[in-house]
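As structure tokens, here come the structures.
One chain, subunit A, appears in both complexes that follow, with subunit B as partner in the first and subunit C in the second.
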Partner chain A sequence: MGDSQYSFSLTTFSPSGKLVQIEHALTAVGSGQTSLGIKAANGVVIATEKKLPSILVDETSVQKIQSLTPNIGVVYSGMGPDFRVLVRKSRKQAQQYYRLYKETIPVTQLVRETAAVMQEFTQSGGVRPFGVSLLIAGYDDNGPQLYQVDPSGSYFSWKASAMGKNVSNAKTFLEKRYTEDMELDDAIHTAILTLKEGFEGQISANNIEIGVIRADREFKVLTPAEIKDFLEEVE
Partner chain B sequence: MSIFEYNGSAVVAMVGKNCFAIASDRRLGVQLQTVATDFQRVFKIHGKLYLGLSGLATDAQTLYQRLVFKHKLYQLREERDMKPETFASLVSALLYEKRFGPYFCQPIIAGLGEDNEPFICTMDCIGAKELAKDFVVSGTASESLYGACESMYKPNMEPEELFETISQALLSSVDRDCLSGWGGYVLVVTPTEVQERVLKGRMD
Partner chain C sequence: MVGSMDVPAKGGFSFDLCRRNDMLEKKGLKVPGFRKTGTTIVGLVFADGVVLGADTRATEGPIVADKNCEKIHYMAPNIYCCGAGTAADTEAVTDMVSSQLQLHRYATSRESRVVTALTLLKTHLFSYQGHVSAALVLGGVDCTGPHLHTVYPHGSVDTLPFATMGSGSLAAMSVFESKYKEGLTRDEGIELVCGAIRAGIFNDLGSGSNVDVCVITKGKTEYLRNHELPNPRTYASSKGFSFVQGHTEVLSTKITPLKPKPEVTVGDAMEE
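Showing the complex of A and B:
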């Protein structure tokens, strides 16, 4: 990436040892819509607010939670278009792995490769870092897993995490509510309650998105009808 | 003379009861001249996965080195050994990369899967996989090997009987092929141990 005139990196160290571009990218993430993920004993749930700029926008055309493979899903906070680029690249990497090994890619490997892409954009010539943090949820032979990947390319495994606007309140809420042996349906309720905490306006099945993966290893984005059922249970 | 017959080789693998055996001859020739009688054609990838390579010796060695390289990186990245089926897919992909300038080898892959189920397969020089439940053969002596294995093989043999069967099949087949022979090398792998044996056959 970057043609010959831009063979120098735009992300450079400041005297204090920081990469200011990455700090700015994290700021972009921090002002994005809240998203969160919770790893339960028998699955993983990821969720996000889906606040659209106007009531005229067709909400069925927007899907913030995407699947990378049949058993791995992802949600983001930050810039939507950057997210779409990463989803495209990650899906391709997963398929390349499959073509080579005829085996579905383990979650850790896909996370590692996605993180490597994000890191490249902090060091290559003529490009800027991605303005998104990702929450990758998957279920493979090592059980349910949840990873967060930052614009710098660093990744962490979480039992529960949140990103975006309401991150500190959401994390405090999750710390209180999280238990090791939580079942997935409890986790979904907790996820909804966490989103509700910082929600501006009335929460409904059309302005949040929830993605779930259970022991059947199939990542599903819940339909508004399914979300409505969970919302009613929470009320 | 075909490039596959330049060095001469015979490799065979058989499935037994919770075990497998892989065997090869030991001759390395340069057309009709014998140059070595201790040439290694069966290589270890990890404790429960072995690779036999017949055909052009230089390609066999290079292919083995490339595969070990890939497997070592895989082990470091994924913190586990490769399953035999996965390894077979990798070999197939590697061979097809050179579709229009291939490695002149016919690999045989033999291993124990996660649940210690034996797995064997072979493929042609451009990666067409062939799975088998009983035995696979390759090399200049392959036609004789097919016949010998077909008649001598029984399913669910214990390791000792499997060793006897694969050794007899190998030795009788290489005796019918002037380019392979000069002894045999047999490996019998069970979930708990690996037995290597060197056979003395007709030294010609």
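Showing the complex of A and C:
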């Protein structure tokens, strides 16, 4: 794959022991739109800003939160096209796992395999790292789970996390507000408030996206009408 | 790992080992057998959708390998597929296409269409030139309406209002040909399908045991596993048998004492 002139790896170590391309990828993530996730006692919520480049863009055609399996969803900060590629690969891996083991893939396994793909692209010839960080939310036999996967391929389990432009404020806000025994509806309110913190302009049901998974293990992206209800409750 | 990413696998039958296999057969190696379903599978279109039916006997030559196997396979929430032929082939090909349909649903955010499943199945079977021995009755309801198709192992397809496949297909078809009419109700459709499968069960050795039915309508699918059990087992009394002493005549008696068990005593430790 790729021209023979570019068959060497573009991700090479710097003298200080860093992989500069990954650092740059993280910068790309850091300038992306804010997204966050909160793990509640009975479910997980993930949310993101949906700022479109112009009012002429049809916002119903953009869906930033995607489901990977019926019980696992994902949101990103960073480059949209890179996200689409990862979503496609992850969905295929989930199917392959099911074909092999006849068991729906556990959240940790899917996270591990997605992270492995992202790591591959930091150690292969002629490719660049993905410019996205993912927040993967799922509910399986181990309960509700939230994972963050970085361009380097490292992943962490979080109780609540944020990524993108407003990451530091959002994380501080979440640290203050998070409680261990939070209910999912409280978590959704907290998520909306956190997004509101750093929101430029007026927050509305059409410029944020929220995905939830409850104990019924079905990942759902909320409709604008449902988001509107939650927004009104928060006001 | 320099420069090699997702290379798509080349599909189709690989003829690499055919020469070796021929040579082995000539030398006298017995070709291993495989489990065939020797089946009756049927499908029909009724007023609101499709009804699929199948028997539940899986055979290995003259032996019944599975008395209650499942021949109606899940493809999508609105599409099911009955399989006749080699059980492993029908399982594998329906699992594979079901997985592909799921990925397609994610990519398009739409309900799967029956023609999609049909095309995926037939292109796969054609590329294996009939060596994947799967004869299928595919039925479902999608946004374009109810559909029923048959798929043959070599990859050809038919679109029909009523269809039968498998070794019991002639028995089942005779029932359909005499009783099928357009615009059947759900209960009439189920009764007709059961009648056709029963014809296969009782008149074909390769089919037997129970009747499985699957009713697919717009927005709802009912998988009626073992809808009819026309061949119940008559078990002997569950108390078992009691044999009174003296029932069996003793012809001769020989008593052999067992070797005496060696005595084990804990001795002193070995000398260094």
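Following the convention adopted for this analysis, the second predicted complex is superposed on the first by the 230 of 235 C-alpha atoms of A that agree within 3 Å, B and C clash if a C-alpha of one lies under 4 Å from a C-alpha of the other, contacts with A are read in each partner's own complex, and residues count from 1 in each chain.
By definition in this document, a residue touches a chain if its C-beta (ideal position, glycine included) is under 8 Å from a C-beta of that chain, and two chains touch if they have at least 3 such contacts.
What you see is a predicted model; the values in this text were computed from it and never measured.
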| item | value |
| --- | --- |
| Which partner reaches more residues of subunit A (counting touched residues only), subunit B or subunit C | C |
| Partner chain in contact with A:99 - subunit B first, subunit C second, else both or neither | both |
| Which superposed partner A:204 touches (first subunit B, second subunit C, both, neither) | neither |
| Touching partner for A:67 - first (subunit B), second (subunit C), both, neither | second |
| First (subunit B), second (subunit C), both or neither touched by A:109 | first |
| Touched partner set for A:125, first subunit B, second subunit C, both or neither | second |
| Contacts on subunit A seen with subunit B and repeated with subunit C across the two complexes | 99 |
| Subunit A to subunit C touching residues, read off their complex | 1-2, 7-9, 66-68, 88, 91-92, 95-96, 98-99, 120, 123-127 |
| Contacting residues of subunit B [partner subunit A, same complex] | 77-78, 83, 85-86, 89-90, 93 |
| Partner subunit A, residues of subunit C touching it in the complex | 1-5, 95-96, 99, 102-103, 106-107 |
| Complex interface listing, subunit A residues touching subunit B | 99-103, 106, 108-109, 112 |
